[in-house]
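Next up, some structures in structure tokens.
Same chain, two partners: chain A is paired with chain B first, then with chain C.
And now, the complex of A and B:
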């Protein structure tokens, strides 16, 4: 970005490439707080303007923190694999709005294909279990024991 | 994020308010946007049936735009059209490209939220190829806008690049494009700049030669690999071989 000096023009970004995704909070948050993962370069002012201008959402307050991604895991070459860092923003909505993170995977009725597949799977498991059980005439005792 | 962005976004949301969700743009009769692009080309959304009834309710306060249409929640696959091509984008006006950029940005945010949620719930994400399509479209828009900017700049000032620069060597003998940076003091008073070396000593020539050889070897290896792959394919599928022009 061009350097800002006193009296110069304000920085204007015309096609912002910053992404912002809403996440389900791990810790229960108050009703008006929405949790986002934002790009690392965004500031609180940026996030407020982004939401207000692009999404038309009234924002009262924004708090951010940077989550460090661990570097402990190792791959097959014993090199350390880093999980990426990300910035988390807690946005409090204005005008008394509340937000609940919705359930994006509700139970839907399965189509014929999945239903038949599930039936097939259940039948197969039942058959396997029957085979595993010992002779009913011997009272469920395995064949390993003599006589 | 600034006032110019605000004005354009207000226009966008104004257009949205006029006639509901995105299909409404066609009804609002905005210049340059006809119904046709929505039929075949829009990156996602817009299954044809939505265009029939243009619902006039404004999408509630926008936080819903982080999530897909509630009808699509829990589906295994979601249908979506192809990505935007550069040729198609070149025909659009700058205003349309600007609006499309924001549409794609919101779509990308929605898809990223879906991806994260699916990872959280340990479920497969429905149709992850949408993300790639959106990214490709955004990259194409960027290219088209950059082309237009370069053309304008050439006409107005005669320069191609927004920031002046020049080719320089670094201390390892590599040649790179150095862009001029803005400093409040001249370069001969800048201690950090004077420590940087934009020349290389004669002992580096040996390493330049080695680097050149390495790059040549890599190039030759790549070409040979391509040739052998081509031969294998031609042997497997002789009927698909490209027939060379023979007199």
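And now, the complex of A and C:
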């Protein structure tokens, strides 16, 4: 960004090319905290303005950190493969709002047909396993073993 | 046969056998082997328990308070630094959960027996008018004075200020206005440097105000005469609360207590040789302590490892080892104006409350440690202190009663006691200072301040 001097024009961005990705936090966060993955060039002020102006979300505080992507994996040529770095922003919402990351993959209710089919499948697999097993009196020893 | 055998034994001269039997038969002999206890150095839970027990016995058996404090803070590990003046959102809830404190809005309305004062909240004057006429506490306690004080202290004419009949509110108001005008109007100062506004005017004003008020009220409160006022003292306290699992490092996977340290630098504090009286009994329950499941680092709070210090502002041998009042000045980065510009008006009160709770907890707990109490040896009497948090114009008053120091995982389980903090909202002392006049001076705030300074134990 161009450096701001006292009395100079304030930087205004009209169509930002930034993208913010709301992610599920890896560790439990307080109720008013939302976790985002943002572009590496965004600052805390940028994030606050972005959410307030574009999405009308009241923002009380923003904290950011840069997550270093590891460089340990190797490809077939034994070159190191880097996972990209990314910036994580923890945004605390204002006006007492709370946010809970939704469950994107809820368990679907199975209808009677699928349930009965699943039961049938399980019973069949059990029967097959029983058939594969040999005489229980041999204690797990294969039947080709012997004199 | 048996009888002859027994006789033969005796006859062979083994008379010691019969004596030994009579002495030994009541209980088995003390073992010649050392007692079987858990190992001291193994990586096992029993060994850990034995090490903790050994540590507790060492601290209990410490010869002096300095030795106790030294052993208490001997082991250094990374700990959370708790800052009383913080920009963190909703910090007062978190601080209350760390210190097991109940916050009660409004100051304690003490019952008015003959011996104690009734400070009350900021709008009690109308109610206290008739009480004042009957000569509440001050009248009864200061019986030698009224005759001599009356000529000098012209009774405040308005009933609103007649809460304490022998106190000249006009005189005190003029003292306050003088201090304010001297700092902001009469004395010409250069423009303050960046972020040094608070040290420029409100800081010296507060020092001057408190010193002059304390000096003028010495006659009425003998405790103030024996007090010692510290300028920019340090107050530190170190404690454990809760448990967590170590995340990374060579100690990964072990369960550790969560360690906290408060390092506070109040602007001014008054220490006295006698303790302030308890406001409510030791085991009172005035509310709930918020329970926060998240790690303290989400507040945000950061860890560092350094000296585990417990300090009230003076060393252990100082006779003024109890606290009376602290005065805190809000720094420039946390000014009211900045909060308003960031649309965080509700966090202004949070800032004052968090400051009051954290600073006073650290001070009272350090005072209790100076008397030899710690989390295994809980306090037997409540420790009370007061604080005034201000940014030069707005004043908020807090009173804290420490009922328990036992905040570790083992000691908190059967401990029903909670610490209590009473506090007010921040109110302005004046509106503006213009052309040598102080406009809109608020008497209630001054009266509250005077009540705070006049607070003293029942015997005096």
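In this text, the second predicted complex is superposed on the first by the 109 of 147 C-alpha atoms of A that agree within 3 Å, B and C clash if a C-alpha of one lies under 4 Å from a C-alpha of the other, contacts with A are read in each partner's own complex, and residues count from 1 in each chain.
The rule is simple: a residue touches a chain if its C-beta (ideal position, glycine included) is under 8 Å from a C-beta of that chain, and two chains touch if they have at least 3 such contacts.
The model shown is predicted, which means the values in this text are computed figures rather than measured ones.
*Asks:* State whether chain B and chain C clash or fit side by side on chain A once the two structures are superposed.
*Replies:* Overlaying the two structures gives chain B and chain C room side by side.
*Asks:* Where does A:49 make contact in the superposed view: on chain B (first), on chain C (second), on both, or on neither?
*Replies:* first
*Asks:* Pick one for A:104: touches chain B only (first), chain C only (second), both, or neither.
*Replies:* After superposition on chain A, A:104 lies in contact with chain B alone.
*Asks:* Determine, under the contact definition given at the top, whether A:92 touches first (chain B), second (chain C), both, or neither.
*Replies:* It touches chain C, and chain B stays clear.
*Asks:* In the superposed arrangement, which partner chain does A:30 touch: chain B (first), chain C (second), both, or neither?
*Replies:* second
*Asks:* Contact-wise, after the overlay, does A:39 reach chain B, chain C, both or neither (first, second, both, neither)?
*Replies:* In the superposed model, A:39 contacts neither chain B nor chain C.
*Asks:* What's your read, chain B or chain C touching more residues of chain A?
*Replies:* Comparing chain B with chain C, the partner touching more chain A residues is B.
*Asks:* In the superposed arrangement, which partner chain does A:57 touch: chain B (first), chain C (second), both, or neither?
*Replies:* A:57 sits against chain B, while chain C stays out of touch.
*Asks:* Look across chain B and chain C in the superposition and give the shortest C-alpha distance you find, in Å.
*Replies:* Taking the overlay as described at the top, chain B lies 16 Å from chain C at its nearest C-alpha.
*Asks:* Residue overlap on chain A between the chain B contact set and the chain C contact set?
*Replies:* 58
*Asks:* Quick one: which bits of chain B touch chain A in the complex? Just the residue numbers, please.
*Replies:* 1-6, 9-10, 13, 61-63, 65-68, 73-75, 98, 101-102, 105-106, 108-109, 112-118, 120-121, 123, 138, 141-142, 145, 182, 184
*Asks:* So in the complex, which bits of chain C are touching chain A?
*Replies:* 87-90, 292-295, 298, 300, 342-344, 347
*Asks:* In the complex of these two chains, what residues of chain A are touching chain B?
*Replies:* 2-3, 5, 10-17, 19-24, 34, 37, 46, 49-51, 53-58, 93, 97, 99, 102-108
*Asks:* In the complex, go through chain A and note every residue touching chain C.
*Replies:* Residues of chain A touching chain C: 27-30, 32-33, 58, 60-61, 63, 92, 94.
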